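Pasting a structure below so you can have a look.
Going in written order, the chains are labelled A, B and C, and every chain counts its residues from 1.
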Amino acid sequence: MFELYANALVNGILLGGVFALLAFGMNLIFGVVKIIHLAYGQCVMLGMYLVYTLVVQLKIPIILACLISLPVMGIVGVVLQWLVINPLLKAKANPLTQLLALAGLTIVVENLAQVTWGADLRGLNIQLPLISVGDIYLRTSNLIAFLGALITLGGLYLFLNRTYLGLAIRSIAQDVDSARLMGINPEKIYYITMAVGGLLTGLIAAFFSPIYAVHPHFGGSFTMMAFIIVVLGGIGNLLGGFIGAFVIGIVTSVSAVLTSTEIADIITLVIFIAVILVRPQGLLGIRISR
Amino acid sequence: MRSGLILIVIFAAVIAFPHLLPSPYLIHIGTLIFIWSFITTSWSYMGRFGLVSLGHGAFLGVGAYTSGLLFNAFGLSPWIGMLLGGLAAVILAIIIGYGCFRFGVIGDYFALLTLALGEVVALTIIAFRDITGGSLGFTLKSKGTSFWYFQSEEKIHFYYASLAFLILALLIWKWIDRSKMQKALRAIGEDEIAASTLGVPIIRYKMVITMISAFMTAVGAVLYAQYITYLNPHTLSGVAPSLEIAFKAILGGMFSLWGPTIGTALTVSLEEYFRVVYGGTFVGFSQIIYGLALVLLIIFLPKGIYGSLEAFFKRTKDH
Amino acid sequence: MLEVKNIDVFYGEFQALFDVSLKISEGETVITVGPNGAGKSTLLKTISGLLRPRSGSITFFGQRIDGLPAHKIVELGIAHVPEGGRLFPQLTVWENLKVGSYLKKSRQDFPLAVKEIYQLFPVLDERKRQLADTLSGGERQMLAIARCLMSKPKLILLDEPSSGLAPRVVSRVFEFVHQIKSQGYAILMVEQNVRKALQLSDRAYLMESGRMVKEGPKQSFLEDPYIKKVYIGL
């Protein structure tokens, strides 16, 4: 019995690593562009469909397919910025309008997926070996995802803190006008942020492809998950998102074993509702006046 | 006076329509438009005052499943089921509404919270699949054509019944418009803090309007379930129908009486058009266009189609 | 080097500047004084590109800059220190200085420039790893001005450097400005502390209710009875 929970715990932690990437992407975009990217999970889904198409239909080796998906999704991020977010920013839409516009986008993307790839599950069907540590079985796919995520997060941390561009991004997040006076072009930063966000969705898609089979509603549950993590950790708070990711990863994993996957989802949603009600700035967040 | 005349003409046309053009398909479309306009109008009772809910699917689900399950299990008349379903929705509204309003959750946080709520109801329905039939839904037992059991083998009965419901929803809209509540809610919508210092009982008014909206939405769900005689958690709860309701209302203009109806009529027609023309080959294609149109509309016409037209005509009239 | 000609600036439908004109030559220190709400900050924001004039023109070394985005104007050599400094609160002292050198041409010189600033202000060196919003008012103003120097500007716009500061601190700030002036930078300073500002200046303008009301060399302002009564309080 203990092994069951221990396994769930460990695999939850592993998954938490990838969720942390998801949360990072959303927090970065929110912090810089100041928009809640409701369609982020759907972008991951697109990335997964891309990998699927490359591997299964075009017979491209998996690693290459994953590498290709990165810049492609980065471009998707840029296109989104250009076609959807820029107009929203220029129209000075209020947060609700932004939410609705992005919700509309999720409908578009999900149905695009359904039209192009059909409604059934599309999986890579690869079996990676299990590694056993004592009585605990680690799936290699989860382990790769976890390590990859940590490395990426480390790289992103260095990028944000040690480079001029990273500094520019952090400045725009804090005071756009002041940043302008330093010679920083806000639009260029928005595009770069969305590109990085997009790249991340490609990376997450690459990590998820060996683990999950994708279907048109896959994006929805991940957006919800990312949302819950981000709210839990405090919207815009990168560290909070990191911690929140592991918390939710573990909670989901363990609840699924305790009860069932659906009840696990219900539990996470209820946590989400509770956090919004009681502490909308998240457990670690700074209060943002809305 | 002119607008009243136009209204009477349209009304007469709508009533006479099934007899002039007895196409079961068109009558079906008409009925769908009436039912969803009813639901969308009920949504906009809250929406117009800044309480934009993205989780009305929760009320749909609670209403329809309460009534439907009681009907299948105990043969309870859907008319009573409607009241019970409405009541269940109201209870849910009270719990969530009180939580939100008491803790000052407004605007987009409110929207997100309701979004989660809609999903919770959907997932709960699916989780209790032994009772509800889960993702596959369940069918209502057939009782032939019966007023008491709110079923009919003639589509035309539902056409007129849902028209009557829609008129009721519109009348309630007008009633809210004239009431003291409207002024209070408008004030709350514009500046909540100012309103509260003036002594406006904010929580009470917000609760009332939420309860009315929840009740009516649940009733609409029962109406729909009785018409289709089939319940499914993906059409009657969760994120998808919640967003669709909000979109239809905003598209048409949630601040005006006819806005939600026009928005619904447009989207239903559009969806049907795409399904008929592209149907088999492009399942979901219609939704893409629909989603795209909505995104564009939200960005460029924040008042919705009807609302913008209304504002436009008002401006030209003033000149 | 900088010529502002007859600009009108609006906030939405509200007009803040009416037909305002101004000139600065290289190496000059010019101050603009006037009451609160006269439009002095608006003037600086329009020059630095945060705002756009609805009519009129602004030229810098002969090139039209009105209508250019702010980040391009910085590149041309105009640095703006907004009121209160507007430092990045969640960045450290060092990082704030570093952002100041964001322009490609300034990056190489940053290590050297930073050392110079630390020599001038050991306080900033002590606090270099501290977040900017933990600094005192005076320290913040110093940091803000130091930061703008990182971009190697030709013209510096200072918006009320003394605002909110204690008199002793104000003196130190003005000392700093004086040092900058003697290094040859052109300075356009907007100030409410007229007496101290006039001492630093070469020429002055008076703005009231969005209009340029008076212009003249420092002496004429110091001797003008109206200025003396209303703004210097003698």
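Basically, a contact is a pair of C-beta atoms (placed from the backbone, for glycine too) under 8 Å apart; a residue touches a chain by one contact, two chains touch by 3 or more.
Here the structure is a predicted model, which means the values were calculated and not measured.
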item: Chain closest to the assembly centre - both centres taken as Cα means; value: A
item: Farthest chain (mean CA position) relative to chain A; value: C
item: Where chain A and chain C are represented by their mean Cα positions, the distance between them in whole Å; value: 43
item: Centroid distance [mean C-alpha coordinates] between chain B and chain A, Å; value: 32
item: Centroid spacing, where centroids are CA-atom means, of chain B and chain C in whole angstrom; value: 57
item: List of chain C residues in touch with chain A within their complex; value: 48-50, 69-71, 74-75, 79-80, 82, 86-91, 95, 98-100, 102-103, 107, 147-148, 151
item: Chain A-facing residues of chain B, complex; value: 52, 54, 96, 99-100, 103, 105-109, 111-113, 116-117, 119-120, 123-124, 126-127, 239, 243, 246-247, 250, 282-285, 287-288, 290-292, 294-295, 298-300, 302
item: Residue numbers on chain A that touch chain B, as the complex places them; value: 36, 84, 87-88, 91, 93, 95-101, 103-108, 110-112, 114-115, 119, 216, 220, 224, 227, 231, 260, 262-263, 265-266, 269-270, 272-273, 276-278, 280, 290
item: In the complex with chain C, residue positions of chain A that touch it; value: 164, 167-168, 170-171, 174-175, 177-186
